[in-house]
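To start, the structure under review is shown below, and the notes come after it.
Which chain is which? They are A, B, C and D, in the order written, and residues in each are numbered from 1.
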């Protein structure tokens, strides 16, 4: 009978994003707005999350929206100011590509490509990402079996790009009180049965600001390799997903408690990149 | 905009079971076999889990089994030896009643009645439990909305019994790699929106021994008031649910790590009952 | 490779309810209100549905309600007038028992016991019904696997009562536009893989009056052995489930179209009982 | 209180594919193999289904496969022989595009573009199809809400292409005995609440050959505008989805019974295209 190694274990495949070893002995925090809305909004958020200890930035350039009339993202008009923000803060960006044709376009802006939940089964896109040199964060489809998620990752790794980070972001179930259902079973299952880093997106998984931090703590205690969290300086003004964005203050509070839990499980937060490089 | 109090908060309704305040400032661990199989098996398990710090015993007397041909529990032939084990170890038993007619029968044996997942909607049973003096642990139906779970609890509390503990034990989703899907969203949601204690059953929620401890850690970090865990001295010989039972050694290892996490979130394990009474 | 017999086939286990052979070469229609609310309401409904060709009556005496504050049914105060309505119309009643203790109480009032969806896993109740002489209509749990549904039926048949009718009434899925999701796959699967009659409850399955008839037609065309449909003279006044009840006029219109489809699949409606007995 | 028009009603938006008015007063049958595997296989299937009364051909050129190692379709090497088969049989092809870049490539081969279930949320692809002159059959995502399905259709119609056919092909639920769960609720709901034609794919919805015809009958009786069915001359040899393909003989038997049901609901099969053009 097999018994779990009770210590959280690093992945055998470690993925370097912007100088941070995701899946290694330290824990990674990716934070930022749902959508990148303006230079000011993005810079304020980036500085704020960095001050609280975030390692990498998130932020949508092209958004996947259920309605064709909803805000679709700034697209390429934002490239210049995004680069400026990354330079100014010394942080790298993880951002979604929604179409294979965007990969080349955004190559210099993004340090890690994200595949969104609704594109996990978009095998054309995955094949294209398998030919890139930059890492890919593959979100689990909201109704994808763990097995399908792992096989989707193989579209990328078999294509020649081993640098895949799995991201659980909640699945669709019968429950409606929360936006999705965070599936931590899948996180611990994937950690045990694959060699890839696994991170958690508690923001989409629950969709309710006040509940996001508790689920980030749970992810850390369960042995995830990191979290990706939505933060907005003024969530009420956000162009998308404002209900689930933490304020900068919420984020700061969360990071302090997260740090204690991570210390308890001997999986500390990464030090600032200055010390890492 | 409402922001979460980042500290784990006690329930306003605290439920006393066997001398332990469930939902108070300390964390409760309930452990034991899926089915009570014999005096020897139950005593060995009880002593073992107590030695590692468990507070209360679990163990099925009448089992809800999908097949009418599967082991249905020892029933009333086990009452005498169960009482002997409780006396010998100084521990109290949480156990399921599957029919209103069993309540009176088992009243002296059980300190807290459990309503199983498949009976959460059995309103006849709930009404009967509303008229009892002993506390009730109400497992969430495996396909019950959080709202239905809370309303099921009201069948008991409205009947005059305020001592209800909610227990999340995994929901049924499309995923098949794990037995159920642990819904920690529901735990943090119920903690925030009800005044009842909420505990987690990671054993049924994932159904795979090696993954149980990680989910117990997650529950603790997320702010649950306790866990209920299946433990068997020799899981391979268990008459039910052997795949998900921890060995006594697994349990001991889990408790050590759990304690560290609980200390980090300032929600320590209860001290032994000797110190409490 | 196995190919389906394209003709709809009778069950090998035929269940007699009130003179009608359910699962035989003819199709059975059970109709009536969600709750039996009064003598007048029940009589008006019974006469109305009989005039349009219904064979058996449905109507709740004890209701399973999510909230303890919702109408719980008239209970035993209605027994006398129910018997009067059955006598006056020459129809028999299919009605739910929600607790083993009700079986004896209601024995003379009900011709076929119904187990509701939320009680499908109530094995105490199923065992008790296995010892009865009257037939049982077993609704599928709203989150029960087909296999669990069939095994629940075995609790009854193994107990000595072979007269079980399976009833599909919709399952719980992620979809929220309809009350449940009618699973006709399960109907054709159960028809093929069990020897029991299988009927369909389109009213609970979709929960929207205007869509009920189309799903009844679908059930008939797919090879179900019958349908059970909610009808209320004035749905807006119904004490439960008014949204999904057909008016008497709707029901009459539905029956005419249903008859044509049944003729096309060579599975005609039962003739009136007068001709059958 | 609104009551359903009991007669099946045509869509207000009628979509012409290869001379057949989909969504009009007649019923459309699309049939063919899962994957187009060779000239011989495709020609034999096309001739066979035409002989039994099918109106349009289906057949995959690029396949969406969970595993990167599974057969991915013949791609552009098949274009010439596909055109030959269409010409020889006088039938038009409905086939999936899995990437916006394929639209132009396959434009002359395909009469109606199909968006597969796993691409329903691929808004880049939908926007591109909104700019085309040819019709689009939009399969419902296997975990998409009806509302999301309708909004996905609007990505196409708002882009300027009004010719969208909705196709329900089964959703993912907890049930595992069947491949998916056919959601006829969604079909009748979409028929009532949109102006688009709605067809049903019983093959993917159930995944078991022997059960496919019964579900096609159900779709017809419920008021769907057509069905799309997988047929293979020798299913055991199929490179994909052989378990659910009908043989030519099965298909022929199904069509005869389907015709009777359609006559009963006054929604006859289209006449052969020779009579239509």
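Basically, a contact is a pair of C-beta atoms (placed from the backbone, for glycine too) under 8 Å apart; a residue touches a chain by one contact, two chains touch by 3 or more.
Treat the numbers as computed from the prediction; the structure is a model and nothing was measured.
If we look at subunit B and subunit D, which chains touch each of them?
Looking at subunit D and subunit B together, the chains touching each of them are A, C.
Find the chain most remote from subunit C, comparing centres computed as mean CA coordinates.
That would be chain A.
Quick one: compare the interface residues of subunit C with those of subunit D and tell me same or different, with half as the dividing line.
Same: most residue numbers at the subunit C-subunit D interface appear in both copies.
How many angstrom between the C-alpha centroids of subunit C and subunit A?
Their C-alpha centroids are separated by 49 Å.
Report the inter-centroid distance (CA atoms only) between subunit C and subunit D in whole Å.
Distance between chain centres: 34 Å.
Using mean CA coordinates as chain centres, what's the subunit B-subunit C distance in Å?
Roughly 37 Å separates the two chain centres.
Pull out every residue in subunit C that's touching 2 or more other chains.
143, 147, 172-174, 176, in rising order.
Which category does the touching pattern between chains fall into here: line, ring, star, complete, or other?
complete
Name, in rising order, each residue of subunit A that touches subunit C in their complex.
Listed in rising order, the residues are 143, 172-174, 176.
What residues of subunit A sit close enough to touch subunit D in their complex?
Counting only subunit A, the residues touching subunit D are 64-69, 98-101, 118-119, 121-124, 127, 141-143, 147-148, 151-152, 154-155, 158-159, 172.
Would you mind writing out the residues of subunit A in touch with subunit B in their complex?
1-4, 6, 143, 145-147, 170-171, 173-178, 180-186, 188-189, 192, 205-206, 208-215, 217-223, 235-236, 247, 249-250, 253-254, 256-257, 260-261, 263-265
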